[in-house]
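The data blocks that follow each hold one structure.
Two complexes come next, and they have one chain in common, chain A, joined by chain B in the first and chain C in the second.
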Partner chain A sequence: MRQFLPFFSLSLLSFLSTTCGATSTTSDTAAADYHEQLVLRPLPQSALLASFNFRSNITVSEFEAHNFRFFPRSLGQILQHAGTRELHLRFGLGRWDSESWGARPWDGAREGGTGVELWAWLEAQSDEEADHKWLTLTNALSGLFCASLNFIDGTRTTRPVMSFQPEGDHPNTTATDTHLLYGVLPHEVVCTENLTPFLKLLPCKGKAGIATLLDGHKLFDASWQSMAIDVRPICPAGGECVLQIELTIDMVLDIDRSKRPRDNPIPRPPPGHELPCNTSKPYHSHDTCFPADHEANQDWTLSQIFGRSMKGTCPLTDSKVPPVCLQVPNSRAVYHSDGVLEKKNLDRISRCFEIKPDADFEIVLPNPRDDQENNQGAITHIVKPETPLLYAERSFTGHGQERGGMQTILRNPSPDTAVEFIYMESLPWFMRIYLHTMSARIDGQSGKDESLVKEVYYRPAVDRARATQLEVRMRVPPASTVFLTYDFEKSILRYTEYPPDANRGFDVAAAVITILNSANEAVYNLRTTTLLCSLPTPDFSMPYNVIIFTSTAIALAFGGMFNILVRRFVAADEGPEVGLAAVKAKLKGRLAVLAKRFGGAGAKKGVVEEVKPVPVADVKE
Partner chain B sequence: MDGGKVTVGRTAGLYIGAAVLRLAIFTLLPGLPDLLTGRVEISTPVTSFKRLQEGLFLYNHNVSPYDGGVYHQAPLFLPLFSLLPNALSYPIFTYLLYIAVDLLSASALWKIADSGEAGSSAQFTSPRREKRWSGFVIAAAFLLNPFTLATCIGRSTSVFTTCAILHAIAKAVSGAPFGAMVALSFASYLSMYPLLLLPPLLLLCYDRQRPDRADKSALSFAATHVPVVFGVLALLFGMSYLITGSWEFLPSTYGVQLTLSDLTPNVGLWWYFFIEMFDSFRSFFLAVFWLHLSCYVGGLTVRIRRQPLVVLTLLLGIFAIFKPYPSISDTSLFLGLVPLYRHVFPLMRYTFVIAAVILYASFLGPAFYYLWIYAGSGNANFFYAITLVWGLGQSLLVCDLMFAVLRDEWEVERPEMVGKEIRQI
Partner chain C sequence: MSAQQPLSDDSATLTITNSSNVSTKKQPPPEKPSDVRRRSNVILSFWLIVLLLGLPIWWKTTTIYRADLPLEEMLEWADGKACRPVFPLRISIQASALQDQEAQNLLRLTQHALDDLNDFAGHHLRLQLSSPLGSEKRSTTDNGSALTIRLTPGEGTTSTLDPLEPILDITYSPNTIPSPTSSSSSLATYIASQLRSTFAEEQATISYLLSTNSMPSEHRPLSLSPETAESLAKRTTRSLKYAPTYHLTFSLFTSGPLPSSWDIESAIDEYMKPVLDVLSPIHNFTIDTQVQLYASPGVQSQVLNKEDLTSFINAAEWPLSPSIGGAPTINFIVFVGNQTIASADSSSQSWLIPQWGTVYLLSLPSDTIHVPANTLKQPLLTFTSHLLSLTGTPESGSLPLRLSTLARIRSADLLLRASSTLGSLARLAMALPSISIPSSVAAGVSETMSHLRLACDTLGGPQGLEHARIAEAEAERAFFEKSMVGQLYFPDEHKIAVYLPLLGPVAVPLVMGLINEIKAWRKRKREKAEKGAEKKKE
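So, the complex of A and B:
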């Protein structure tokens, strides 16, 4: 009976009328202080999306009284110290393949570009105070998450105007005392040292519940992964404001790669008879194989994918929320370990599992091909991915290390709805962009189309002090592709400003695209990939040589002119002799004098010793 | 008279010919202006036309062009170019403006040449002065110089500075000190370094005063004319302030030249030196380089007091080598003034070497830059080496011209030494 209760209340939530709904939502914010959930969604091409979500609430009065409960104390103290109203921190790696995987999880709201992204609303009376608090915040978070967040300095910080909207409720605040700052570190490599502090923020510390599945070896082997921390105040109508922290980890695992045994990780081609071939091809024979669609390869178990099975549930979690959900069609058979209750949801494409607090949990998805034999007829083994609202790709154009161009291809797949969005770039100062060259054109039309760009917010970079900030509000008509291009110049830096691997290039942060609905609210976010911009490099081994050569050239010019200006003209045969002949004559004279003196001295000595009365004058003669 | 007609015809012919040549290049090779605008030899961060367009774009869209790292040129260019139709859709107006500026420069040079100041100044008359080229030849040499042409086609804004400097000198030799001071203020406002030309220009004005209203005392002359320069400069700064609404154009235009914060390669000696300079010595060497650049003014003005035009010419040559962001435009200005000294050419010793070095650097420079930036088969040292050669070649020309002028002066005292071997002690 105890196990049935959550199921019952959940269906109440989704079915019953507002009276019941209202009571359960208030209890949701007040009583349910912590819950966690893992959603597994098989994707095409033998990929699997795993979304871990951990959420806890704390009332603002408790937070201010330092009574943290489920809220991580380390983070809470930093937020209090830096006057942070709302915080969003992202660690990202890899690329979301929207062509085959479709729309992003959480509508893109819980992901960042490659590297580390941080944006926060800070409480400050002036820009200087905000900068100071931002510095405190980045340095403290840098220590907490073992990431180089302290390198988010003035040159990497921008103040977006249109792209970001606060997610939480901020009553009693005005625009003047809340400052949004955004910093990004595209070069940062996210790895295990960032995961460990992340897990420490959880009430169960990764010892129980879904967090036991988080293993650095698997997480950072994923094709795409994103770790997010969001802290926001939520004020329900009439209730007390709560501070909500949400930790999210999304990863797309390559099932083939994950199933590779840990002790034999080197990929080897499978023997011929094990190759999955598409037998419908006319040329299929014993020695010709067209690879079968990857979708076929969708059999896996939880322990194969994550390297271990799940150890019970976190005892602190809200028992009303099922800890694991799997998004496969209800027709597909899924086996699970004993003592687990499987509930198929009414949307026919997902099911959730209720797990006993101390039981290990394991699920097995058999190969759908075996299924097919049982259930005749074509069934889809996976939920068809949703088409995203917009596809975006960004790349560099041009050649050489002097001038370049940026091109972003934005494709609206919808046949009837235009997409309006804000395209934001935050570029390093050494890419000097020429805004007058920016143009947007529709594929298939020549010349630029002025109607595509609605609004531009541009803050140019200042050398060594500030990054370029470009926000463009655009509208892409239905079923069309738009090219947004502009030119930039690559500047050459002081040799101390290059990183040790200067010829690798400089990472350029991802462009952030925020799609708006008609009410100007963000409905979907996406980020392009980061880019690698190679700058011209000086010869790093040459500082002394260059100083010497340039100084010599200047000395030659200056010396030549100085000579001509200060020395007197005389005829070649006038004045004191100079040159080789003069030196020779001088040397001769010196030698003669020396010879005389030596000769004189020797004679004098002899004279003094032997014949005293002989005068020196005689010897001279 | 017939002669006058012929002269007028020749003048018009030269100007029309030069204008038609430029227009033909602009229209027949439409890709060339943008190509040359992108060349580091022609466009520096403080004169680039592409950066001017960006500044103009920002200015027209209510973003301060000086609150950024791209635009480092004088604020008065903004309203001037805003008056012209858009350079992208109607480039012909921009072309015509640049052609007109080049022709104005040539006419000023013509006036300087016709004044005969190069051969006989107030305090010195060269015995060789009869052997000189006419204004026509000198203007033609300036207008048809490939460096001048490339600068004009590349639409570098340094042509405005060139024009202002040449007009300052032309006004000075024609006895209009006030005009000279105003023109020099404009040049200094646009590029800052022409302010260093003030002492020799003052002397030139003083020497060439009209006899009817001559100021006998050099000090009182200076005291009346130096304030003109600073007054006009203050006026220009005030107008700039009104245009941009703040003083932030000062650090962005002149501060960049003083601190060399933009290290884009150019033909000068500064960029690579300050790329490779150790951070702790950067400000020291910046001070030393600026001190070095300005130390020539005093020495030359005193030593060649009798020929202020020579001082101006030599200083322009020195600036073309040692200023922070030199380009071939500065060289073209210097090379435009050098033919005024046709009479001392026989006294120069290394003309062949100089010509060879300058040609060598002009052809190899672009090639080495290509190897470094585009082909990747050379490194920065290739282009750096060529800029060294270029600087040395030009400094040899400056030295040789200086030597020839001084020997010419000396031969007045020692007429018997003409054509004889001499040496310096």
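So, the complex of A and C:
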């Protein structure tokens, strides 16, 4: 019976998650103007995924009349000024470890690569107008979010063709006056100064509701975190169109690290008797310890991991949506503070809590070993992560400063279903790719497999003006690994184009992988990690060296030529005396003249002085 | 070429022997004259290349482009010499009950009285008699008069300003009409003093504006009393810089979770819109509103002192970012809370923050969820009156009169501002000879000056404001030209470091060659002269 349980719950989970996704998208249009929810999901290896979601609506008529209530005015103004129809902004940090954490939250739709990513559908009559509005948008957002978004210029902007589809309801999406622009800043370091403006956009700020748990110290200490802002128009059938803003923060906290007290943040080895040991090992004794599996150690409280407890709920929120949900199996005991209503969901792997508006909220997850005598493996204490549709890894190959190669390893874990997706790269102009070297091959087979790449959209870079855009539609057969490789050439930059830390290398933005279903709809997104490309870096005192060197060469050549033209050549014994002795004699003569002038008419010297001018006159004749 | 001088140092005798040695030293064969000429030509051609080709190319490639600016003229504008701001205000008199001649006489006398009273040449009231049929409205606006005086016979001499029209109603008793021969009249003096007091504020403001700018002393208008100057200074610092469009942001801030909605749209329509409509010839307004919960003010104390008011706005947390786009933002904040202001007048609930906006403290029952429009009446009326002072509208007089005064004050202000910007630009161009001046700056300057000229000629009229506005915008644009800034940071040491390694080694052989050639030439000349002298002797 126990053997079946994992399988059962797994299939149920996948079934329920798809239905939940479907219901949530249909219900959010009908929902109230504002709602917020926090979903906590313990992950293997002592990690905890916390997904904060805030969603508010404004009707289009209110938006156009500039009457802002739940929708932030600062952002609304920018959208109106830049003619933005749909906006997606992502701040990302860290790496999602899909091997152990499984599928990404929100199916990867609410995350970006490391750094900042921005894409938007703009209303414009021409490409130039769209570029102009894009410039306005990036500059305004840069000010609003304290990020260097204004550095998204033409060289970092692309216009994806296949990878992105609008999420909102646009009256006619194929209209020529809607332009999609995509910009990415992989070098941007996301930090607290980006969180503060983010919290300002919320109706309840950080003062009430789940947003009280958001603390910059904990958020940016996480193993992986992503902040997302999505603005899209939604037109329910028969209702008035609304503009919806969705703010999402996902983070994977390392429980051990989060539980470290703030006043004593330096990790120290625990004393021997506190070490979690695996007692089932035969060699276990008082002086030998085999470390217990991380997964077993999943006890925490809300205030421990977030540094504070939750203060009530935001009064504006939709009362039908429970503010906090926890995804652990129903069998596991969870303690919570008074006045909280716990509701176990039918899927048996999640429960939600209904909280009184002005009471503090706290959850305690006890150590599962304490409440269950027979330790039956970690799988019953946490929900087993869902397997992602595709694993992707990207790395540089090759050596030297002149050429390089890129290799992406794409693995389809499914035993029976092929995966079809669009792989998009937006490469900086100084990486000039050789498109003819692009090839895809299946692991274990030699030679490239032409059937894997179905479609390629390539827009070459223009030096200092445009980035390379490469979109590849691919298919990975079931249970196989595909290597996608291509070579590129590194170009040499101009002296002033190097950043101050030129030897660190140049960040290359993450590749965006959009997995499509049979109806060509995006069902899952993932991004590879960013890469660091090192370019040939000159010594920066070079210009002065070059100036000095060429000047010397020119001066030498000129001096020699000039002297040849101008000097008269005579035999060595015919010319004037040269060398040190001649200089000495001349100097003495000069000194003597000076002595005569200042020393008066000394009788003794007079003899010398009278004679001295003689040779001068002799030679001068 | 110049022979070295082998010198001995031992003794005189040795020197003599040495010198005899030198004289016996083998001499090079005499140079052919063609060789000497060729050498001179080589040196000459090198120098010609350097001077005629090298220097001009170097000059051309390293010179900084400086467009010609009419500096003299710009400074004249800045010093107020180019334009004497004169506001000729026409005031028409409607006296339907009077005989034409009587009316003419009255007008003459009143004008005299006015001229006697007036000591500020820049602000001039010119009376005219409107046609007897001119009682219809159109004529008063068409002939561009700033004010109409309606004289009606009545008991006693009284005057009232019409609240809706720019009309001054004056009643007079019929016996005060001056006879055609009399040289003074009490009615004329009365009208003159009434007019004077009506325009006193405008006069004071304009003369204050002129006096704060660098106007030459002969144009310096009437001297203001220190108190008036102080109150005017206060009012000018309070008002925002002129802009054709202002952005109004209405914000509801609450310290807790409630209230979370308000009827601001209908309240604005009802209480504020009329004034905005009246202001529309001078300013456009765009409006947005927002609700912000859990907004903690910068000061937590229950009773707010005067010092607390300056720090009440919590700029770090409140999302009051100015609007994007060009328009300056005026903030109107309704703060729902139970804080009060400590002042002698206990009823005061609001205060004005100069050049920024207004805060109104509204205390509501703690369970109010929605703020209805009628609760917002008092805040919005306060905002309206503060809006007028933030835009710099004068305080006395009827509304239409205040608005026309505002237009005149604004055009004077813009005119002076543009002039002083021109002056700063001229001084900058003179002070920094190495700054580049792109042609766009020159174009902006000439545009500014042509509009300033037009504005100066039409001061007091609606075109005057428009021209002054364009002139000011152009002047600012020329002054803040981006490419002018970069050149400031190019030090001379840098140039030397770049040029010296090349020019030094090249220049040394060139200069030495020239010096030697000149020496040789002089020597040859002397030898020739000696030879000539010897020949003569022979």
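FYI, the second predicted complex is superposed on the first by the 499 of 621 C-alpha atoms of A that agree within 3 Å, B and C clash if a C-alpha of one lies under 4 Å from a C-alpha of the other, contacts with A are read in each partner's own complex, and residues count from 1 in each chain.
Operating definition for what follows: contacts are C-beta pairs under 8 Å (C-beta built on N, C-alpha and C of every residue); 3 or more make two chains touch, one makes a residue touch a chain.
This structure is a prediction, so every number in the text was calculated from the model and none was measured.
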Partner chain in contact with A:205 - chain B first, chain C second, else both or neither: second
Chain B versus chain C as contact partner of A:494, first or second or both or neither: first
Partner chain(s) touched by A:335 [first = chain B, second = chain C, both, neither]: neither
Touched partner set for A:432, first chain B, second chain C, both or neither: first
Partner chain in contact with A:565 - chain B first, chain C second, else both or neither: both
Which of chain B and chain C A:402 touches, first, second, both or neither: first
Which superposed partner A:598 touches (first chain B, second chain C, both, neither): neither
Partner chain in contact with A:537 - chain B first, chain C second, else both or neither: first
A:463 touches, of chain B and chain C: first, second, both or neither? first
Doubly contacted chain A residues - partners chain C and chain B: 547, 550, 554, 556, 558, 562-563, 565-566, 568, 570-571, 575-576, 578
Touching residues (chain side chain A, partner chain C) in the complex: 65-69, 72-74, 76-78, 81, 136, 140, 143-144, 200-201, 203-205, 207-208, 314-316, 544, 547-548, 550-552, 554-556, 558-559, 562-563, 565-566, 568, 570-571, 573-578, 582, 585-586, 588-589, 607-608, 610-612, 614-616, 618-620
Footprint of chain A on chain B - complex, ascending: 38, 40, 50, 53-54, 56-58, 61, 63, 67-70, 261-265, 269, 271-279, 292, 296, 299-300, 303, 318, 321-322, 372-374, 376, 379-381, 384, 388, 391-392, 395-396, 398-399, 402-403, 406-407, 410, 414, 417, 420-425
In the complex with chain A, residue positions of chain C that touch it: 1, 3-9, 12, 15-16, 18-19, 22-23, 25-28, 31, 35, 39, 42-43, 46, 249, 257-258, 260-261, 264-265, 286-291, 293-295, 317, 319, 321, 323-325, 497-498, 501-502, 504-506, 508-510, 513, 517
Residues of chain A that touch chain B when the two form their complex: 399-403, 429, 432, 434-436, 456, 458-464, 491-496, 536-539, 542-543, 546-547, 549-550, 553-554, 556-558, 560-572, 575-576, 578
